[in-house]
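One chain, chain A, links the two complexes that follow: it is found with chain B in the first and with chain C in the second.
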Partner chain A sequence: MMFFPESRKEKNTKSFHPSLLLKSRKGDKVISVYWFFILFLVAAAIVYMVFLFYGKPYDVREVEANLLANKISDCLAYGGMINEQVLTEEYRMNFEENCGLDFRTEDSYGWNNDQIYFIVSIYDFKSEELKYSFSSQRFNWIDSCGSKKDNNPFCVRKELYVLDGNGNNYLIDIFTAVRKTEKNVN
Partner chain B sequence: MLTKKAQTSETLTWIVATIAIVIILYISILVASAQDSVKNVLNLDKKVTYNDFREGEKSLHGVLLANNGEVYYSIRDKDNLEDSGEFVKNVLEQIYRDKYEKIWFGVFTFDSFVYEGKDNSYFGDRPGVSSNGSRGVVDEEHSVSNSVYLKDNLYVELLLTGEKDEN
Partner chain C sequence: MLSNQSFEINNMININKKNGESLLTENIIFVILNIVFLVILVVFLYIKMDSPAVFEEKYAKELALMIDAAKPGMLIYFDIDESNGDEAWFKYHFSEAVKIQDNLITVKLREKGGYSYSFFSKNAVSEVDSKGRVAILVR
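Coming up: the complex of A and B.
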């Protein structure tokens, strides 16, 4: 409740007319509907803009593929020396376990733990003869490496020059690929 | 009559205001959608990185250890590639020739925060050293580098610039 000085109260009473009040209320209703319409319009546009900007996925496949290649390279060589266990069949057969790799993926989009792939090729550096090659087990899409802007997997290739204890030179070729296009591109 | 004119004027004002609001919102939506359909976290310009060049680090160590460490000792003791340049060049070109535009291998000194790369007859001048010489920052994008300490303020460095996009 507001209290006005006596003189102002009188003035307000004098200027009051019932028909004016009625017209004013009709106009207010129209303006209120208009303002609600504008409010919803602006709110909807802001929500749409936020969705447009943040609704697009971040493509982290390049990071994933590089991290995987780095991890594999750490298992294959220390400094400039090859991990000589890699030269044994047993180590290569259980490489994922020995290297601490876990290729399980999210249980979605029909993925069957087959979204990440690697292949390691070890060559004699001088003769370029392939000495050993091993890879992850699960894949059926490796031929489709391509641009990260489309739906193809992202692939990374890294090559190392390393030695063994006997002074033999090796070229290790590490190829990694990450698919997961449903989460990173679409 | 006067009331009608006032009403028309007010209505026109609101119509114009509404159109202005709609146009502003439309432009905002266009701006929000005017970007690549996928946000790439590695979209930043890649300058020289000293951390994420694992294969270069291992290859550099491998080259230095080759021939029972002959490469390492010759570079450390003579401050140049005279004895080992040909071997190093053959190895590095075989690995990185198809992947990078330019390969540079050589020694540099780093003293009192001043970087000084030394040119050599096998790999030429070190590319793109910034004018202030701070840590030998390369201005070219998609470059990677790794270095190994030799002695005093002397280091040996493998620098690759202009990565070719394989994807």
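Coming up: the complex of A and C.
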């Protein structure tokens, strides 16, 4: 009482009063809980995104379907000229063998060597008449092409304009489809 | 009176000291917990990004597409970074890292694991040299 004047003593007592510190500590604790709650939310979001990104396989079906279409076109024509062998029944019957294609797939997911497909249609360019058409044997998802659902096959269509040795014009339509969704999407 | 006053002030200073120490400890624990949290998060991300399973799939699909894109007679060399797999296992089993059977390529970078992907080109054969380099010949 004698040490400080009354008003000053009150002020200093307030500033040193432990109850104020307790109040401030309570506030800190509440902030800490919120802080950890926000950290937990951020961590959960990061973990979710990581699982979303690394949980999904790389989707290579588009590249695969394009490569198949390119490989088939190399077997059908070169330098704008049609491979004359394509016009023979025997070559078309054994096209996969002649073109070095093997559509066998792994046994997983109940695949039955039916995940890759192609169909080639050769038209007379002037009359638009279908001259020849041949395809690989098995494919059950042809109707799903074009649908944007992830579990549908990825399909590619390419057209070539070619000539034969006699100057006849042909339009070759190559359609390829790759499914393999279990290894590329899910 | 003077001694009472002095005792009161000393007492208050002591309380503040204790509170200050307690606050400091709490803050240190808070900071340490935050650091631990962040470290766990970074370690999780690192483990996920560097998982051999991810690289097995990546290599298998890349090699399958390379084979599909290759013309007959092409020779493909492919270096596998052993740090992307189980290094201790890979060191003695690099010859098992890439296998081609028929039209199925299997990449294996750890003891328990492996990823297979099929390609549509025929007649691809692979060989791994002593440096762990993969050579794939498309006939």
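In this text, the second predicted complex is superposed on the first by the 131 of 186 C-alpha atoms of A that agree within 3 Å, B and C clash if a C-alpha of one lies under 4 Å from a C-alpha of the other, contacts with A are read in each partner's own complex, and residues count from 1 in each chain.
Simple rule for what comes next: a residue touches a chain if its C-beta (ideal position, glycine included) is under 8 Å from a C-beta of that chain, and two chains touch if they have at least 3 such contacts.
Owing to the predicted nature of the structure, the values given are computational and were not obtained by experimental measurement.
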Partner chain(s) touched by A:Leu130 [first = chain B, second = chain C, both, neither]: neither
Partner chain(s) touched by A:Pro57 [first = chain B, second = chain C, both, neither]: both
Partner chain in contact with A:Val47 - chain B first, chain C second, else both or neither: second
Which of chain B and chain C A:Val33 touches, first, second, both or neither: neither
Dominant toucher of chain A (residue count), chain B or chain C: B
Set of chain A residues, in rising order, touched by both chain B and chain C: 50, 57-58, 60, 63, 70
Chain A residues within the chain C interface of the complex: 1-3, 16, 18, 21, 25, 28, 32, 36, 39, 43, 46-47, 50, 54, 57-58, 60, 63-64, 67-68, 70-71, 100-106, 108, 115-116, 183
Parts of chain B lying in touch with chain A, wherever the complex brings them together: 14, 18, 21-22, 25, 28-29, 32-33, 35-42, 52, 54-55, 58-68, 91-92, 94-96, 99, 166-167
Chain A residues touching chain B - in the complex, by the definition given at the top: 34, 38, 41-42, 45, 48-50, 52-53, 56-60, 62-63, 66, 69-70, 73-74, 77, 79-81, 125, 145-149, 154-155, 157-163, 167, 169, 171, 174, 184-185
Complex contacts: residues of chain C adjacent to chain A: 1-2, 5, 9, 12, 15-16, 19, 22-23, 26, 30, 33-34, 37, 41, 44-45, 48-49, 51, 54, 57-58, 61, 64-65, 68-69, 72, 102-104, 116-118, 120-123
